[in-house]
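Chain lettering (A, B, C and D) follows the sequence in which the chains are written, and residue indices restart at 1 in each chain.
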């Protein structure tokens, strides 16, 4: 395990301190927690957006805290859902009276812990809504589909809707519109190592790749020989297009690096994804290429498509001042 | 070699196509070249900024093309300086009559090729100035110091000065002020592999790291056992502080990932760098943490410090719309 | 036989000890069909729980179990955190005002713990989750008449081993579908250690 | 003896051939004390140069050398591209109007090539760069009276080998300082192949 860290058990605290040191005016860490919130939270009468999950997916989620996106992000241990008490602290810190929308990735751990936090918050009279993101088409059964890179687009849309003055119900509806219209699929060339574990979560041969990988070092659904970027782009895009009808609306494209894939390669993948979409007559409205939802130092990428209507286009275009998503 | 590519000899062309596909409204590729320019170039009476170098450092340099930063970037083959004819095409495409400032990283290849291009441009009556960035304190002799992550801050400042309406001389002077006041130092935990070469440029043992690494897979100045993030941050920062007096002015800090280092680890390094600066009484004005000047999939990081005066602060704060540097 | 407050404290201590010893093994199990953090998670949680109750001067088992529950809930995280938290919370409620804890009370508590786990996690028996240790253990307690350390340990081990034969349909292992066959469920393994710790405490008394 | 237009074309062809054959070796040399692209760079450049002149119907050596120069300049990149480009451009200028190219003219051309390289790259002899092949070769030509394939090949090889004993102070290898000792300079190796190719063309004539 080659990592630039101190105590493997302190990586999340160390990271949070380093993040706050980089953005002292915009971000704050709630004392005694690993919650990162906007320094000016709570904002009166604005619906607040809270997300979070295990760490190791940076810039998700703390990098998306900022005007126009999240009000707070709760960082769990690496690949481990944060606990209800921490999530509850985040909710309390950002509620400005208009309620809090929780954006949850669909993992048992995240769902259970956020649910418990929501119950705690409701018991204190805070309005809470939950949106569960499940964009990963690698998993057949819809109820157990994971939330991966598409989650970032949910943050963006929910944050913009809240900034526009949307009510909690309206924010939730906009976020759910994204959830309904977003699909992703990923692949990896190498595994990753949880700092406190010290060994990689799985092994891949020198010529192997894994299709349908999750973002927690879980192995994927199929192991194959490495092929070209064009083939990989086609395999991921085809699975997404098979799952959902993207015709008849413009789309947003996200090519997401899982941690170690050079940006050069992400753009090479993008070239082919765009070619496939053009061939199918699907119009691309906007494209995001970069590291949005990583899996520590895993090598690989995911492709995300979001079908847009006018409302989603407007919301995607709204400004965001989050450190990892400026627009 | 595990890479998501097609033909290893076509990576630069494929990348350029993917980049344009992602930003069709903002960027253009000059036909028959690997020059990426703003789609609205040339801008009349604005000094144009052109940079470039070998590929493999993404988002450098094409990611910095946009209002407020570069007018064009010239992409060479991986780790190989672009050729004079390509650079010359870039200069011609962006010159709006107010002249062109070339930002060159101090490598023999880059200097020679940009010099020849400048001669070609001058022969056609275009005003050209050159700024050579040499921020890498790992190299003792100043004349052969390399240009690394600090180059991005030169782009930012030069671009902002040009946007403000500065003359070619003024833009050059602002850029050179950055060059004089910026210092960087890097380290790596793993090497990287040039796609067309197929094998890593050097080997590092399971417990070794290399201090003073370049950004082209050149090995560094010292090989050591891996230590903690705090020790690494201290070693890099101390070397920088030894080289230049950063007291008596605020600084900008850049913690740059070389390709495979998780953002989590960059923030952990940032925590300690900020602590060291605080202890020395050096005030941090702004901090950048992320991948700004990479070395393919190398694992490692660099630390950059830039001493600021009021002009540099103002210029750093000006807006930029480059895809990889929005502010 | 009945469990004194000291026994309950010893149970949590012992659980912590066994889990610390087997932390890496639990992580290995979770690397095979999960995300490789289960050992780290439960080790962190039980370490804190043991530390927490070491500080207290308890006069009721319910308080020990409640502090354990709250600590597990706030320190484990992941899927297992809220589930272990719920289990110990339900146990706490059931034994409240019944010190020392007699067999019938403990058995009732176990039943409620299982209900709580199932409700929270929406899993039933056979889905290859920690339900597949807690539920058979609650049944086993119902069938027996008194605490029996040896039998408890044996039964828990069997239940854990039994998860090898199951295909996961809940939790992270569900992504692996049939590829989860033949592997022990990590949460069942840590649950087995908890019952093994209970068996040790009981064994030490008789 | 004198070099015809065909000989000059053959020289470039042969240079390309040898460089393609030794591409990986050149890259290995550059991985040791550079950035590992030299073989790829010169192979790309000479491939294009050979293709370019294969298309042309040349009546003057100067044109062959000029097209070679321009192609190398625009296809190699890196530090070596402008330097090889400059060398062939200077050679071209020197032989202009002197077909077939006699020994004295070629020797003058080589001298100017060396001057051009040194001016552009600001390196002098002994800095472990391709100057350390081109400069001794120009000196060698001055000392001799006529083309001699065998001796040219031998001399180029010696010059290249000699770079092993030098510490780099220019180019990327300079970052390695004393650690560059004992390694052959990649640009000197490719330069050696160019003279070796010339020797072969000459050898084939005699």
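Criterion: a contact is a pair of C-beta atoms (placed from the backbone, for glycine too) under 8 Å apart; a residue touches a chain by one contact, two chains touch by 3 or more.
It should be emphasised that the depicted structure is a prediction, and the values quoted were computed from it without experimental measurement.
Trainee: On the document's contact criterion, could you list the chains that touch subunit A and likewise touch subunit C?
Mentor: For subunit A paired with subunit C, there are no chains in contact with each.
Trainee: If we define chain centres by averaging CA atoms, which chain lands farthest from subunit A? Would you check?
Mentor: Ranked by distance of C-alpha centres from subunit A, the top chain is D.
Trainee: Taking the mean of the CA coordinates per chain, how far is subunit B from subunit C in Å?
Mentor: 54
Trainee: Could you tell me the distance, in whole angstrom, between the mean C-alpha positions of subunit B and subunit D?
Mentor: Roughly 32 Å separates the two chain centres.
Trainee: When the centre of a chain is set as the mean of its C-alpha atoms, what distance in Å lies between subunit A and subunit D?
Mentor: 54
Trainee: With chain centres taken as the means of their Cα atoms, state the distance from subunit C to subunit D in Å.
Mentor: Centre-to-centre distance between subunit C and subunit D: 75 Å.
Trainee: Taking the touch definition from the header, please name the shape of the chain graph: line, ring, star, complete or other.
Mentor: line
Trainee: Report the residues of subunit C in contact with subunit A in the complex, numbered from low to high.
Mentor: Of all residues in subunit C, those touching subunit A are 27, 31, 34-37, 39-41, 44, 73-83, 120-121, 170-172, 174-176.
Trainee: Give every residue of subunit A touching subunit B within the complex, in rising order.
Mentor: 2-6, 11, 14-19, 21-23, 55-56, 58-59, 63, 189-190, 206, 209, 226, 228-230, 232, 253, 255, 259-271, 274, 284, 287-289, 291, 294, 296-297, 299-301, 326-327
Trainee: Any idea which subunit A residues touch subunit C in the complex?
Mentor: My answer: residues 9, 54, 76-86, 107-109, 112-113, 115-116, 138-139, 141, 144, 146, 194, 196-197, 199, 201-202, 214, 216-219, 221.
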